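Each of the two complexes below includes chain A, the first together with chain B, the second together with chain C.
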Partner chain A sequence: MALIRGPHAAPAIAALAALALFFVPAAHLPAFYESFFYILCYWIALATSWNILSGYAHYLSFGHGAFFGAGVYASATLTTKFSVPFLWSIPAAAAVAALLAAAIGAVVFRLNRLRGDLFALLTLAVAFVLSTIVLNTPIDGGPGVYLSAVPLPDIAGSPTATIYVLGLGLAVISIGTAYAVAHSRLGLGLFAIHDDEDVAEAKGVPTFRYKMIAFAISAGIAGAVGAVHAMYVSYVTVGETFGITVPVYVVLMSVLGGMRHWLGPAVGAALIGASLFAFTGGASATIGRAVVAFGLIAVILLLPEGVVPTLLRRARGWLKKRAKPAAMPQVAPPAALRSRSPVSQAGAPLLACFGVEKSFGGLRALRGVSLEVKRGEILGLVGPNGSGKTTLINVISGQYRRDAGRIALDGHDIGRTSAHRIAALGIARTYQIPRPFAHLTALENVILAGTFGGQADRAAIRAEAQHWLEFAGLGARAETLPGELNLHEGKFLELARALAAHPSLLMLDEVLAGLTPSEIASAVALIRRIRDAGASILFVEHNMRAVLELSDQLVVLNYGQVIAAGAPREVVRDPEVITAYLGAAHA
Partner chain B sequence: MPSLNLLGQALVSGVLIGGLYGLLGLGLTLSWGLLHLINIAYFGLAFLSAYLTYHLGTVYHLEPWFSGLIIVPVFFALGVGLHWALARFRVSGLVSLLVTFGFIVVIEAVIQLAWTADFRKLELPYEVPSLRLGRLYVPTLELIAWVLASVFAVFAWAALRWTYFGKAVRAAAEDPAIAASFGINHRANALLIAGICAASAALAGIFIALTTTLAPSQMFAWFGVVFAVVIIGGLGNPLGALIAGVLIGVAESMTMAITAPAWAPLVAFSLLIALMIWQPRWL
Partner chain C sequence: MLEAAALHVGYGDAPALWDVSLRVGAGEIVSVLGPNGAGKTTLVNAIARLLPIRRGALRFEGAEVTAASAQDMCDRGVALIPEGRRLFTRMTVEENLELGSYRRAARAEKAAARERAYAMFPILAERRRQLAGTLSGGQQQMLAIGRALMAQPKLLLIDEPSLGLAPLIVEQVFATIRQIHASGVSILLIEQNVAKALDLAERAYVLEGGRIVASGRPAELRAQPQIRAAYLGADV
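Presenting the complex of A and B:
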């Protein structure tokens, strides 16, 4: 996010440039130039559309050629066999490609293991299967399809100019969409998926729906580009359409330009597209390809982030150096925590678990756990390592599905609810080992939690996120990337991120582990303030002093079972608890 | 329905082509699974080796096996050098795929400049007899390729499984830093693995030269199937790659015999998609 938010001038300049390019045909240049500019637009539209899913969410697709090809053949079939007007075949081709992506996505995005490399290969396989089907059915059948008889409406004076204007239009739509997505809730969610999909889901990002939307948008644009390109080449064959060129070049262009920036793929496409054009025909084409490949290797090795983000970073660093050292920003003192929904019935359970079971293969991690967290209460959950504490948090937050039992929030069963809905219902958690979104700044991490925690107003979310950072003592670290935070700060960022979602139930997973005694003291004070503001807390901890100091109720887990529950001072005297912790000799 | 004889012949050629898939997939599966490099440069190296075999055979009249004695060690060194460069720039994961794709394009251009885009076929000056197995013909060259591929795969698999070197490599694949703290020189091991991968690609190239007609763009035709082989066989598992190669080879040639040759590409990928969705434990 820090990198995608370029100078505000960038979108304006891009829009002006696009507007100017629409008037290229009016200059009556030789047809070669229109063709050259069309090919650039073609690559820009394809690479930019690919990046919307694959760059933002890092789900690399080698199947972009399949969606492009689906568009090519949808348009070719509609215009030649069904006499559909060419312009109408463009949205139809987009719809066909988007539907294809939705169908693929509906299957593969449900499989949690299908991330990264495997998704890439699966999409590659889809492209091969599709091309074989097209080749062996009447859609193509082998000889290719001629579109030379399809009438091309005259938009810009000549056929090449018309194709050029259509291509430019698609490039503009593509970049505009990429910009809009990058600056929307959808984009924020996709960037979170990029960094850590499980955490994104737990923070309320509807990961499945977002991936589907991004995939469909990306494929739809590729399909529209395919329709226009079918007309441009006017003779389509399976070999040319589904070749290795499109899926590979869109990846190369995006990587070269920078995948985390909305304009990156367009810049990469312009660079590679132009250099491919520089070498055409005979041996020079071969040498040209080799030169492009060499250049690419060099850029990837030397500018791994891509051209656009690297340049932006350099420019920003340069501006910072020139600016006078700013005075330390005035940090407003943390205001009192706003209390959320008024407590309806004091003492009634907010969260109730009854007989919750969870097994991993033969290991029964939870064996019928029952407990209740009352409103405004801090429930301490202790137990030896491996007793099932973190598993219970994972089950309550929806990251794992319970095998049996009932989990109710405010009386409503949430045992089958997906994790992002549970987050929206008001359960937030922290991770024992901090899992921040690595490419978002500390502030953006908190903003994300606020955005998907049910808030709508952007300015308010931002102000509040800053407030939570200050509350957690990280006010000065807002613009820091999580990798630069130490363990203590990382844990407090977890806390700020959880609080930003306005939880009614906050689950803290060993927030004190690894902290120094003075850090523990400040953390204990912080937790008390959170409770005083109205949240209920499920507090997992090994530090007994802190547990006794904070808990209203103490539950002890051992081997996945509750072995004791009640007032803290009484529970710690329970012989069974002492045996579990210290061994039989001490009981 | 084709005759049993035709099906039997399809089975034989499927098994044999599967050996070549396995041998070509060996480099990719080892470097992906054990070095975390999606190194597709091996396709380019295999074709470079194929063209060198062709060149040495037609211009200098060297026997293919003798060319192999030169090419394989040279490619071993080439593989070591390539890995050294990749490690030097800390390339891994997807970036390695892109960089090595760049290498392939360069190799393809070099081949095209040196030998043109025309089809080339290595003609041996003597007839290589086919074996007869009942009513079925077993082409000898393909059989030798298959035997060598199997030996290579079994040997690599056994070495990874039972030797200290293999255990060290697998430990380093899990976590190089931890492995290093236990005294494993994972950098040296990785260089050796990369060399073996390149050598296996060179060997595959020699048989590609012996059994197929060469064209520079052909290297991309092997891409998809070998990727499928590597995934289905399990990353880092050389024996799995061989078994998957044979499985896909047989499925393909059966499809060709029963339907039309044009449907063959559907087989490997339908199999791959089905397996990915089914997700058996060994995948």
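Presenting the complex of A and C:
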């Protein structure tokens, strides 16, 4: 995110450039230049639209040609067979492509195993299937479709100028959309999906819906570009339309320009488009292509994040060196932990699990677990490794679906609720091994949790995120990327991120592991302060000293079953607990 | 056996260790204590030659190894049990063990070493065909120890063996370390469970902010009130 938010100059410069380009036809250049600029706009729109899903959320698609092709043939069919005016065929083509993407997304985005490589392969298959259908039905049938008889409305003085202005319009729309998405809640959610989709969901990001929206926007723009391009080429064939050029070039352009920046793909498209033109025109076409290819390899080796993010980072580093060190931002006064669920009578159970079962294949990880977390209570959950403690947290937070039993928050059944809804209801968790969003700074990690934790005002979210970082002792590390934090700091970032969602129930998974005794003492004090601020806490821990010090109620799991529950000092004297968990030294 | 003289180690611009000297004698068990971020893991990784040493000298059995490769250290008989186990999670228990016997001196005796590991941890023998990633935390730590022993090391570097383990399992892991030490292997142990580490160690170093601030026998360290307060907690 640090890289996405360019200086405010960037959008202004982009807008000015677009405005200047709008007047190219007025310069009465030879038609060739309009054609050249159209091709640049064409690639800019395609690459930028591809990036909205594939770059932001890292769902690499090799199927962008399919949506482009759907647009080409939608427009060609509507204009030649149904005499629809060309301009009307553009939104229609966008709608066809967006619907196609939505239909594919509705199936594949539900399946967790289709993340990553398999998604890329699947989109490639979609393109093949679609081209086969078009080739073997009356949509094309083999000979191709001529659009030369379709009337082209005169917008800019000549047919090439008209096509150019339409292409420019689409490039502006797609860059504008990419900018708007990157700076919205949707964009923040997509960047979180990029880094860790499960965690994004657990922090309240509606991952399925966001991927669908991004996919439909991305495909819709590609479809509109297809419609205009059909008119540009005026004779469309399956071989040209569904070839490998579009899907491969959009990937190359985005990688070159930088996939994490809204302007990256456009810059990459302009660079590749222009250099292909400069080097491959005329007699030396073959050598020219080789030069472009080597140039690409060199740039990717030197600027692996892409041209735009790398240059922005260097520029910012240079500015920072010249600028006086900025004053520390004012930290908001400590916000009390406002739990979001209505406060019922004290002592009533906030969370109730009854007979919860969960199996993985033949392994029964949870065998009828029942427990209750009362309002304002700290419940300690202990048990041997592999006894099901983390599984229980995963089931309560909705990461896994329980096989049987009932889980109720504030009396409402949440056993079938999706993870992001559960997060919105006020359950937050930390991970035993920290799972921060690797490409977001520490502060942005906390901001994300606040944004999807029910807050609306951006300035307030930011100030509060800074507050939670200070609270967790990470105030000075706000701009640090998680990779540079040590294990201890990573665990406290987890804590800050969980608190930013204002949970009514906080589930802590071994936050104390790996801390020294004095660090444990300060962490114990911190946990107590969180409880005093109004949250109930379920915490999994092996450090028995801390467990005894903190817990109001102690529950012991063994082989997925509760073997003891009650007042901590009594539970640790239970012979079964000593045999299964504590060992003779603690007896 | 191992001698580090005035080591300086760093990542990028930020130095992580300054002027750290320590020694592990043959057959000795030495512990390094200190708060998080003090540089303990950096220290063992530098000794295992996974991180470059900027200044200073590292000697193992009299030979200069300051610029040796990690693979060379393994061949010389130094084995690391890394923080967080770092098993090959998609391989079986048995495959993980066999990967431990890359050391030239240990290859011939692979089968015998494997049987010794299974004898030490019978649960691993039961699960020899199971994927390492599906083991419980305690079993994974046993496998990590077993894998390191496959190299028949002379010096074992152990980084936080009790991390995330249940009390009963922690007891077992420390009993195992004691047993390994009794068989003649030298050990450099990093451990947050300070009481346990001091019970086991013959000498200990306290690391803070990348420098060694105290060292000595456990009884001497326990006696120093400021060390007690800062690193050892009340329960030592």
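Convention: the second predicted complex is superposed on the first by the 557 of 587 C-alpha atoms of A that agree within 3 Å, B and C clash if a C-alpha of one lies under 4 Å from a C-alpha of the other, contacts with A are read in each partner's own complex, and residues count from 1 in each chain.
The working rule: a contact is a pair of C-beta atoms (placed from the backbone, for glycine too) under 8 Å apart; a residue touches a chain by one contact, two chains touch by 3 or more.
Note that the structure is predicted; figures quoted are calculated from it, not measured.
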item: Touching partner for A:A106 - first (chain B), second (chain C), both, neither; value: neither
item: Which of chain B and chain C A:A476 touches, first, second, both or neither; value: neither
item: Partner chain(s) touched by A:M544 [first = chain B, second = chain C, both, neither]; value: second
item: Partner chain(s) touched by A:A404 [first = chain B, second = chain C, both, neither]; value: neither
item: Partner chain(s) touched by A:A438 [first = chain B, second = chain C, both, neither]; value: neither
item: Chain A residues touched by each partner, larger count belonging to chain B or chain C; value: B
item: First, second, both or neither for A:L296, with chain B first and chain C second; value: first
item: Partner chain(s) touched by A:A567 [first = chain B, second = chain C, both, neither]; value: neither
item: Residues of chain C touching chain A in the complex; value: 33-37, 83-84, 135-139, 160, 163-171, 192, 194, 229-236
item: Residue numbers on chain A that touch chain B, as the complex places them; value: 60, 107-108, 111, 113-114, 117-118, 120-122, 124-126, 128-129, 131-133, 135-136, 142, 244, 248, 251-252, 255, 283, 286-287, 289-290, 292-294, 296-297, 300-301, 304
item: In the complex with chain C, residue positions of chain A that touch it; value: 382-386, 432-433, 486-489, 510, 513-521, 542, 544-545, 580-586
item: Contact footprint of chain A on chain B as seen in their complex; value: 38, 89, 91, 94-95, 98-99, 101-103, 105-106, 108-110, 112-113, 220, 223-224, 227-228, 231, 260, 262-263, 265-266, 268-270, 272-273, 276-277, 279
